[in-house]
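Here come two complexes built around subunit A, the first alongside subunit B, the second alongside subunit C.
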Partner chain A sequence: MVDPLNVAVIVKLEPDFSEGNVSYNPDGTLNRAETKNILGPHSAIAVTAAFYAKVKHGAKISIGTMGPPTAESMLQHAQLMSDADELYLYSDRAFAGADTLATAEVLKSGILKMQGKMDIVFSGHRASDGETGQTGPQTAWKLGMTFFGHVIDYEVNTESRTIRVKRLVRLQGIYDVIEEIEAPLPVFIAIDPSYKPKFNTVSQRLAYEKYQKEASQRSQNSKQYLKVFNATQIEGDPKLIGITGSPTIVYKVERIPKGKATRQAEVIDGQDREQIRKIVARMNQSLSTMVIK
Partner chain B sequence: MTDGDFRHVYVIIEHEDGKILQVSLEMLGEARRMMDDFNKKYLSKEKVVAVLLGYNIKEISKTLIQHGADAVVCADNQELRFVRNTVYTKAISQIASDREIATNIEPEYAVQFKRPRYMFFGADSIGRHLSATVMAHLDSGLASDINKLVVADLQITHQNKTGGKPLTYEKTLEMYRPDFSGFLWTTILCLDNRNPATQKDFHPQACSIIPGVFEVIKPDPQRQGTIINYTPRFDEQDLKVKIIDRKIVKSEIDFDSHKAVVSFGRGVKDLPEQNIKLIEELASEIDAQIGITLPLSKRPFSVSQTVDSTYLIPDRVIGTSGRKVSPKVYVAVGISGAMQHIAGMKDSEFIIAINPDENAAIRNECDVFVKGRMEDVIPIFIEEIQKQKQAVQA
Partner chain C sequence: MEKYDAVVIGGGSAGLAALKHLSSRGKQAILLEAGEKVGSKNISGGILYSKKPKKGRTYNVEDIYENFLEDAPFERKITKYILHATSKDKVFSIDLTAAHNYEANFGCSVLMNKLNQWFVQQADEVAQKHGGGVVSGVHVSSIRWEGERTIVQTDELEEIEVKAIIAADGVNSEIAYMTGARQKFSPNQLYQGVKVIVKLPEDIMDQRFSIGQDEGAAHLFAGDVTLNHIGGGFLYTNRDTLSVGAVYHLDSLLENPSEPHDLVNALLRNPMISEFVKDEVPVRGEIDKNLPKEEQMRVRFAVTKMIKTWTEMRESYYSRSSRERLVKEGTYGSQAEMEAQLSSLRDQMSTKFGIKFETDYVEAEYSAKLVPDGKRCRMEKPYFKNILFVGDAAGGGVFVGPRIEGLNVGIDDAARAAEVVARAIDKNNFSESYLGQSYSQSVEESPYTHDLKSIDKDYLKIFLDAAKDVPKDIISSKYGMVVKMMSSKTLRSFAVGFANILGYEKLLPIIETLDTYVKVPTEIAERFGSSVTATYTPTIPSIAQRVARLKFNDDSKSHIKVLKPTSEFMKKMITLCPTRCYFMEKEGVMIQHEGCVECGTCSEETDWKHPVGEKGISYQYG
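On to the complex of A and B.
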């Protein structure tokens, strides 16, 4: 009898960038007050990857987030997507102002508060607001777990307690590589945006439906599955969290000055057919020149 | 803290089986310029140190010196042939904390040296994650996706860092990071906690650097430098992570074999479905590949499944978070011209922008600015292209 897989996902509440929900200031910057917050799109993919482990191996799923109390409804949404068994919200004013390192400290402590030892922890590729992509790997490092980024596919062998992952590595200016790696569990996976789970067999599709049904029931009573931890309860080192634990500060924010014009644009009226005819001719000329590489 | 504790800039070099990635040379170039100014300003002799890990790589140490490194720390070992995060993180962290290496670089600070002052990584598939784990290991601060660096003495008043008192932080690295919108620049600093209640050193000050931003210096075959060979200590457990297979893949979205690229941005938002159809038509007339700006890969519109999965995908993003292209003809439709996007297309030969807003930043980056709504302008373009094709055939 093999132990069931124990899987965690860390997710983030982010501004909803979809049209109609996102609001920009006249200067092109994000209007945070007017923009709704949702489960971040990369977080959502991480949740999907965890659900795959549930369908395939009956994994137990715990989902955690550091955020304000309002993040609860996001956790409910994540539960609906994954049939999560437990939800964790790490919420405290003391966490505020944290940079990635101090955030990773809270998430590490939070994951250690989840039930049982984790076999796999998933995170998104990056947040769509902060966009650093650092929090996942830093959390992994603090947990002492092997980290894999850009993971596009994975398969677990529950008997040998090993995992095979495929990652897409872009070597800019050279080529892209798909790497296949084998490693002993536990591992931490930052899932690639292109990840898509495949449910190929009949039994997987049946399991998929079963868990989906369970997920919709559970998420209606999501509070039952939720545990909230504050800074004291999480038992992290107060010196390593929040502003105190953050090596970096934001010193200033400014508008990026318009660069010097690199080209002298000829401005033409979009209704002027004669002008457009000339532009098309120039374009064709450019296109017809030989390419010598 | 004395001036000998934290010295030099360590630049983490990436290569693929001995072929150096461009971003690594760009970082060396910027490190060279920065430290030349630094040494002049502070009458100092701090070095640019290239950190090179791999297998059968000794030859490229010389190339790194020619491109601006004063010293190369070379760890040449079969276990380092391909990047494995844990193995690399530990090796780099060992190198960064190694006093013997520091002694070879600069004997006069042999006793004091603790860690590098600054550290650079490439903001790409490998460097981004390595920077995160190395800095977690060294317990210091990291700014990601930087495109401008300034060293300055700054007066800081900060509740936590200085206990609310004004204090001068010398030789501080101002790390400029463009935000996701492309309109804001955030300057990030990595500062020691000097508040007695929370006292802590945070060095190195580290960042990951966007590829394609900084200039490579002209290689100088006469440049001299020190090559230091280093043998890392490995943990058996870490070596159980095995790379089974590596397949070279071409992206499904191929920009390089097309002479033209048509890209679109948030400007399609009024009628996304129809506008994207128009753009598709225009692109097919000139056999162009289709690109998008970064915000569109966040799928901000509800469009049909096909349009969504064909176009609003990261693989099509042009700019610092995506591909760099330089086609014969580049048509920017409904693109405002955020600097991240410009960085990905500025080397195109002939650039046409279609945009209703004459004040859009893209105007400074194109050869022809067609003022108008894409719904009106693109059909005229398509007609004219078709007419001229017929003329050629006739």
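On to the complex of A and C.
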């Protein structure tokens, strides 16, 4: 009997930017009080990736987040998506004002507080509000784990305790190269936004359904699975957390200045065949001067 | 290769009943559904009946799901069933509730997406206990036999080996075509149904239709609303929505093509129906274009959010159960507080954001489906090797005058198929002669099959009694002989007996005519109907708006291939496709499959397949 996989996911509570849910202040900044917070879209993908390990290998899943007490409902949602066995909320006023490095410190300590040694830790690609993409790699670095970014697919060999990952990378200016790497566990994976789990057999699909059902039952009593840690309980270095542990200073946030339009736009009535002909003629003219390699 | 005892193909109400029944008998069975989830491709009118025929036993929904009446999310039990003859603003109504209640335990309105999701929960739970279950997003591409082995191939998963197959893949059954078990149904064997879901808060509905909380109304329409086609319209009350639809013989539509959505629009524009569907609708004001771009966006987002909040709050306010729940949960202190908040929100919307409130109707979903006319297309041999066909795939469905039953017939088929497969597993005999013929025999014994072959004179009597107020002179001019014979008991028995000897095949062309569905009702309404006026003109969305509101998972490859781009049939598809997927080009008719709702109207002369797993239409109501 091989040891079951032990998998962790770190997630983030983010504002819901969809129309009908988001509110903005008159100065164009986000109205945080009026906007609901949800599981960030990239975090959701990381949760899906962990669920894949559960369906395929019956992995145990622990989900952790640093956030306010209200993040509990987000953890519940993440549990509904992944049938997580344990939920961790790291919440303390002392964590406030953290940049990515200080957040990574809390998450590292938090992951060490999770039950058992982790084989794989997943994070999202980036957050939709901060957009730095730093927290995952920094947490991996603090944990001293092998880090893989832009992962679009992975397969675990539970016997040899190794993993094969596919990464979407850019090589010498060529986009969308897929790099395949094998490594011994444990590893830290920042999942690519294009990740989609694949289940190829009926039995895997049935397992998927089974765990999803279990997930919906579990998430109804998500409190039972939740552990909350404050700054003392997490036993991180107080100097490295919160505002004191944050070397980043945001000097100013500015709107991206609009570039001046250099093109001359012309409005064409699509109903009028004569006008359409003009466009086609113009296109032909442009194409004739182009060299197509 | 993974092995399973039985596989059910298609997760509609028939397929799910087959899975549940088979699993309840302790057998291992899996169900493969092509839609992204069970229920996402299913459409029904729809009323689901439970019957108690004198002629024999039917398997009813509550026989399959014992807790159906207590727990299932069906909409409303239909307690009023009324047929209206229409001509412009005139309506003449005939109460057919007695006919609706005939041999029925109940008939309830349903929305397939919601209901099938409940069915799948029930079925999956039992199936899992026996090593089976439900797999969605999987499209079966072929079935082959290698000696004793039956191998099912899909577009998504590795092949599986099974012992028996129940094909519940609907009216456009690919399993039937690929095996050659039956031909495609021809237009004269099919109805095309097009439906819209209209939102209407619960309490307002109760009041408008004079029904209690647990009651429902069904209204059928014939006459000028048919735009000269054989068939009619319907309006059913759901919990907090209405189903408004038009169902016509496909050959009648081919003869005199009308755009399907125009047929629904004709209903919505009928003053009686306009009044049935009306509601209070918030309309956005123009945003001041002189404001900075960011401010315009902020206002737009704020308006969207307000309308959403108001609509949700109003829906719960006008539903007794939600109202009580929200007060109990402490979201609101009292119902009065809820009312006050709702009206203050409304004030704010109109004073601060220039939102106007108008009388109109709110359409939520447009859908289309083909319906097999069981009288004309029931499969005589509903099997092929070790495959049994059920429901629409087998061409079941009892449509006799105002009697409209499809779902219950599919469930009856499914239970019979499941019983036979369970027995075959016990005996380990999956030969066509055992499996197929036992099933065929069982279906022959079903009272539904009986009703598809001959007229039930008791039902006819109830129908005629209901219609006794209809002035005889109009009907007599068209059906003088028939009326005379039907009015007297002895003559009626004789006439029905004689008619049954003739059989439906000879009878139908006489009964199902433009006279019956259009001319006679129009004349009745014109001469004897009372006038109804609408207080507003409904703003009917265009077909493009309707399609835009549907949810599709785009497939880059078309699941339909046009075979005869210049045929007369395909030219008619430009008009008859409910979502206008066809258009004319120089070389002939072309398809734009992106808006296809997979109804199958064009199936006759196309290479027609369902999209691969998860792709295509995904209905929210159904």
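Assume the second predicted complex is superposed on the first by the 241 of 293 C-alpha atoms of A that agree within 3 Å, B and C clash if a C-alpha of one lies under 4 Å from a C-alpha of the other, contacts with A are read in each partner's own complex, and residues count from 1 in each chain.
Basically, a residue touches a chain if its C-beta (ideal position, glycine included) is under 8 Å from a C-beta of that chain, and two chains touch if they have at least 3 such contacts.
These figures come from a predicted structure and were not determined experimentally.
Asker: Identify the partner contact of A:213: answer first if only subunit B is touched, second if only subunit C is, both if each is, neither if none is.
Answerer: Touch partner of A:213: subunit C, not subunit B.
Asker: Which of the two partners, first being subunit B and second being subunit C, lies in contact with A:32: first, second, both, or neither?
Answerer: In the superposition, A:32 touches no partner, neither subunit B nor subunit C.
Asker: Spot which of subunit B and subunit C makes contact with more residues of subunit A, would you?
Answerer: When the residues of subunit A touched by each partner are counted, B comes out ahead.
Asker: Applying the document's definition of touch, where does A:202 land relative to subunit B and subunit C: first, second, both, or neither?
Answerer: second
Asker: Applying the touch criterion given at the start, work out whether A:22 contacts subunit B, subunit C, both or neither, answering first, second, both or neither.
Answerer: A:22 contacts both subunit B and subunit C.
Asker: Should A:223 be classified as contacting the first partner (subunit B), the second (subunit C), both, or neither?
Answerer: neither
Asker: In the superposed arrangement, which partner chain does A:180 touch: subunit B (first), subunit C (second), both, or neither?
Answerer: Touch status of A:180: first partner only.
Asker: Determine where on subunit A the residues touched by subunit B overlap those touched by subunit C, and list them.
Answerer: Dual-contact residues (subunit A): 19, 22, 24, 28.
Asker: If you look only at subunit C, which of its residues touch subunit A in the complex?
Answerer: On the subunit C side, the touching residues are 2, 4, 30, 124, 128, 132-135, 138, 156-158, 160, 294-295, 297-298, 300-302, 304-305, 308.
Asker: Residues of subunit A touching subunit C in their complex?
Answerer: 19-26, 28, 199-203, 205-206, 209-210, 213
Asker: Under the definition above, what is the set of subunit A residues touching subunit B in their complex?
Answerer: Its residues touching subunit B are 17-19, 22, 24, 27-30, 41, 99-101, 104, 128-129, 131-138, 140-142, 146-150, 164, 168-184, 190, 193-194, 239, 243-244, 246-256, 258-271, 273, 276-277, 279-284, 286-287, 289, 291.
Asker: Please name which positions on subunit B make contact with subunit A in the complex.
Answerer: 14, 16, 19, 21-23, 82, 84-86, 89, 124-126, 128-129, 131-133, 135-137, 139-145, 154, 156, 158-161, 174, 178-191, 193, 198, 200, 202, 211, 238, 240-251, 259-260, 269, 272, 286, 295, 297-302, 313-315, 324, 328-329, 336, 339, 342, 346, 349-354, 356, 358, 361, 363-373, 376-377, 380-381, 384-385, 387-388
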